[in-house]
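Note that subunit A is present in both complexes that follow, paired respectively with subunit B and with subunit C.
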Partner chain A sequence: MNRSYKILAIGVLACVLIIALTPYVWMLLTSFKGRLDILSPEPRWLFTPTLSNYPAVFIDKDYLPLVFNSLIISLGSTVLSVVIGAPAAYVFARSDFAGKEDLFFFFLTTRMAPPISIAVPLFLFFTTLGLTDTVYAVVIAHTSFNLSLVVWMMRGFFAEIPKEIDEAAMMDGRSRLGAFVRVIVPLAAPGLAATAVLCFILSWNEFLYAFILVAFEGRPLTVGIPGLITPHGTLWGQVAAVAVVATLPILVFTFLVQKHLVRGLTFGAVKG
Partner chain B sequence: MAVSFKEVTKRFPDGTTALDRLDLEFDLGEFIVLLGPSGSGKTTACRLLAGLEAPSGGRIEIGGKDITDLPPRFRDIGMVFQNYALYSHKSVFENIAYPLRIRKVAAPEIERLVKEVADLLRIGDYLHRKPAQLSGGQAQRVAVARALVWEPAICLMDEPLSNLDALLRLHMRTELNRLHRKLDKTFVFVTHDQEEAMTLATRIAVLRDGKLVQFDEPRTIYRRPANRFVAEFMGRPAMNTIDGMVEGGVFRAGDIACAVDCADGPLMLGIRPEQIELADHATTSSVTLTVDVKEAIEPDTLLIFQNRGNSVTLRTQSNCDAIEPGQPVGLRFPKEALHYFDARSGERLR
Partner chain C sequence: MKTMNQQSRGRFLLDRGASLPLMLPATLLVVVFLVGPFYYMAYTAMTDLSFANPDQKGAFVGLDNFRKLMRDDQIFWSSFWLTIRFVVVSVTIEFVLGFALAWLIWRFIERQRLLTTLLLVPMMLAPVAVGLIWRLLLQGDFGMVTYYLRKLGILSQASAVFSSPGLVMPTIIAIDVWQWTPFVTLIILAGLMSLPKTPFEAATMDGAGPWRQFVDIMLPLLRPIIALVLLLRGIDAFKEFDKVFIMTGGGPGTVSELLSIYAYRVNFKNWNLGYGAAVSFMVYLVVLILCSIFYKAVYWKSSAERQ
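This part shows the complex of A and B:
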């Protein structure tokens, strides 16, 4: 019974893994394929690998700065969201004030509108500020949706820490701000890390705002890929090469904080 | 140097009045216990002194200096919380050292002070552990060490023993007594346990509904309770309080009739269970009541009598093997053991 259950479980897991990983593996293989192998009518699992796609896109087509743009945008919006959102979440977790729950719900509603509905207003807004076609516009736009995520998730993490800890820190000689920065934030570090990684991933993967707000200078990788669809055909090898590089940070981060991430996400779901 | 609450009032946003014009003054070096049932305002008083809450009215002074609006860190007060409130990400050593680190004490000095206080509290062997690896008693000692290590003028303790099991609580109580004697510091201790208050305090402040009911030495509070509330709150089992009438110097209530030094009229008579005497022979001064329940809490015996709807409890060390429930027993209420309270207000008459 136990043994057959185990075999069944492994079988199911294998199926899930195959379904989930095949596209990724295919993409990985494609990035090392020559043009002929890519365009062959039947799928080719065995081929002579080539490294030419990577330099072709990152050096010849000058896509390397796009990696840095992506990093600046994702890190920038993550840092900004956490720095603004965490203190806000702390206040939601600790203080009572009129309309607190309504305000908290308002933060959530900012995520309910379809992103496309505010894309044009955002574009006009940033044009007025003279920020279009810069990474700053995208950083701010991404912060607008990451901020609500930080407030929403971090409130639960802060609420989990007994308020006597703040008070003990204040009795020990910290100011209220000192107690938050020096004691509460380190205690909430796992939750903070999970939240930050999630912000980073969301921002890294985001396409719509970045596509509308920057045409050339501040383009992140996601916006760069459509540039490989040319009138003479799609450059699949180079698309795959960009996609592989684009997924690397996500893979690394997710493996690093896997445990915290799962806990952080389920926690938010239950507490919310 | 004295700590004084001057007409201190605390109202919470939900409308409850936790403290109502509290006036309280005590000297540094005392062991003050704030005692009362839940909702009496004792914890609020403690948190106001700590600076964790702001009063709605009145002033708090230490040594004549108004500290009402001073943030906690400038008050020279340490605090121990009921749930210990240790920093779970720091080792025991770092927990204790934290107030010193904030005050930028030099590292060798921190080492010395932490060792010293850890030895005093007998936690020297656990300094490298994390709080999660400590038992309740050990965690409580760490919390006390952290509150004492930087030698604040006053150490507040908000029900520090109530999360410990009974045996450990007794042990920690003794430790705190020893600590106070040795350090000669001011302790302000909040509890709802009258026994803790009796054993620890130099003076007890009994609070009820946000008001100070009595502030005296434990002995005085026990022997001359200011009113019926204090009389029944202090001592276990509680003092017997019997409603009745005085006519011609004799107090009557149900089957009870005893001589009192009181004017005629309604009276509430109080007598402690251990001060009622078993009468060997029926005499004129004795009262005969029927035993309802007998509880042997060795070496003592509790006899609970029914007297027309009121129960009267007696606590004795004498041999009660022969006494069974349902049996009438002769009792004597010695005059010098009687307390007289106003029948309506419950205030002590004299």
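This part shows the complex of A and C:
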């Protein structure tokens, strides 16, 4: 009896997996299809693969720089968020001061802020600074939400390190800052790495801030994709090729940080 | 979430000199790039600033924009209720499905790693890519899903999903469910894994059936995590923009014009920045309310943990 339930459960889960994965697989297949295979009214699961979509869009249509923009934006905002956010998280984990929890909540609200509300003032602000259409504007915008992820996640990781370790390091003559940089950060390295990867993913996938702040020069991949869609005659093979390049690295990263994913997605509330 | 131990409070304080410099950069950045813009938005909302109309250079109009928004703006209210419906329906479906899946995995699968990793794929894709994938799948002439829907007789031969007003929102909800159910599954599964064994053993000894155990033990124990999942999903769904923008752009007409898409249109299509700021402000307000409920729920949980 129990055994047949188990087989039933496995069957259901297998169906769910097929539903979850087929759309992405279809996108992958499309990126290797020629025009006729894509436009066939009857779906073609078997076809002669072609690699031509990739060079057509990345070289002929000059989409390669967008990959670098995406990289610069994601790396830039990740490094900035971690360097600024981790020390603040450490203070939240160790120190006690009036209004601490309010300030902590305040960091959360910045993560939750709807981009559409903040985007207009940021747009006007960066226009004044002459930074619109540069990757810098997007780096800063992304840092504003990644920062609070770092603060919320790292507070938990730092709190798990016994305070005696800070005390011992300071007994050995290190300053508070020295103890943090030389002793605590290395101990929290796995958590820090997971947090950094999550920041990278969030920034890489983000669309609205980037879409509003950069029109051409500093465009990341996410902003570049819609530009390939036209009312008639969209070249779906090329769209799919860009989408694959925009998603495959993230899936690899996801597998790397899966252990800490639950924690990151719930702002440290669930350990996973 | 781990807060400081009660006994060590006060015993261990960061030396005043060290905590300020560690804290300052983060606080400063947030103040400059988020609090600043927030106040600017609140101020702009009380002006008639418009880039489209040269007469409106941003004169102060008080609460006129909000008055107009509340009283006369039919489109605002219809997109407000559309958004609420979207949030409630999609989050409810995601929750029920996600919970059921988590329970199945927890109950029947020993080696969960590979399965959960694969399940995560839809949710880790860039939302823009999700929008594109489904736009491709639902193309009228050659979409793969369109083809099978027609084969099954669900969709009539001549019509396409995104050009049939009645089908657009249900489709968007279905796609949101496709994308975010794994999120619920992942977090509920983490909650199920951390459940203590003893209450269930005791209940079995007392002769409580699986259903009673589920309702009387499992649900109450999972309540904080359930609250957390619902709120996080609710906040994100309320801000939904990317997918819908790529798939329908709010159309046909305004059938799928969610609040953030309406705000986008007023600000960046009509360039009516004063009024747009008022719309944005309302979006922010709702998110802020949901957010503070989330915060309370998180603290409720950590206080429950300590007991």
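Quick notes
Going forward, the second predicted complex is superposed on the first by the 250 of 272 C-alpha atoms of A that agree within 3 Å, B and C clash if a C-alpha of one lies under 4 Å from a C-alpha of the other, contacts with A are read in each partner's own complex, and residues count from 1 in each chain.
In this section, a residue touches a chain if its C-beta (ideal position, glycine included) is under 8 Å from a C-beta of that chain, and two chains touch if they have at least 3 such contacts.
All values reported here derive from a predicted model rather than from experimental measurement.
Taken together through their common subunit A, the two structures put subunit B and subunit C side by side without a clash. Touch criterion met: A:Ile19 reaches subunit C, while subunit B stays clear of it.
In the superposed model, A:Phe255 makes contact with subunit C only, not with subunit B. Of the two partner chains, neither subunit B nor subunit C is touched by A:Asn146. Judged by the number of subunit A residues each one touches, C leads among subunit B and subunit C. Of the two partner chains placed around the shared chain by superposition, subunit B and subunit C are both touched by A:Ser175.
Touch criterion met: A:Asp96 reaches subunit B and subunit C at once. In the superposition on chain A, A:Val183 makes contact with subunit B only, while subunit C stays out of contact range. Taking the C-alpha centre of subunit A as the apex, the lines running to the C-alpha centres of subunit B and subunit C meet at 90 degrees, rounded to a multiple of 10.
By the document's definition of touching, of the two partners only subunit C reaches A:Thr30; subunit B does not. Fitting both structures onto chain A leaves subunit B and subunit C with a minimum C-alpha separation of 6 Å.
Residue overlap on subunit A between the subunit B contacts of one complex and the subunit C contacts of the other covers 96, 167, 175-176. Against subunit C, the residues of subunit A that register as touching in their complex are 5-6, 9-10, 12-13, 16-17, 19-21, 23-24, 26-27, 30, 38-43, 84-85, 87-88, 90-91, 93-97, 103, 105-110, 112-122, 124-125, 140-141, 143-144, 147-148, 151, 156, 159-160, 163, 167, 175-177, 180, 201, 204-205, 207-208, 212, 221-222, 225-226, 229, 236, 239-240, 243, 246-247, 250-251, 254-255, 258, 261-262, 265-272. Interface of subunit B with subunit A (complex): residues 13, 50-52, 71-73, 77-79, 81-83, 85-89, 98-99, 102-103, 146-147, 150. Chain contact summary for the complex, subunit C toward subunit A: residues 1-4, 8-10, 12-15, 17-19, 21-23, 25-27, 29-30, 33-34, 36-38, 40-41, 44, 101, 104-105, 107-109, 113, 115-122, 124-129, 132-137, 141-142, 144, 147-148, 178, 182-183, 186-187, 190-191, 194, 225, 228, 232, 235, 238-239, 241-242, 246, 260, 263-264, 267-268, 273, 276-277, 280-281, 283-284, 287-288, 290-292, 294-295, 298, 301. Partner subunit B is touched in their complex by these residues of subunit A: 96, 162, 164-165, 167-176, 178, 183, 186-187, 189.
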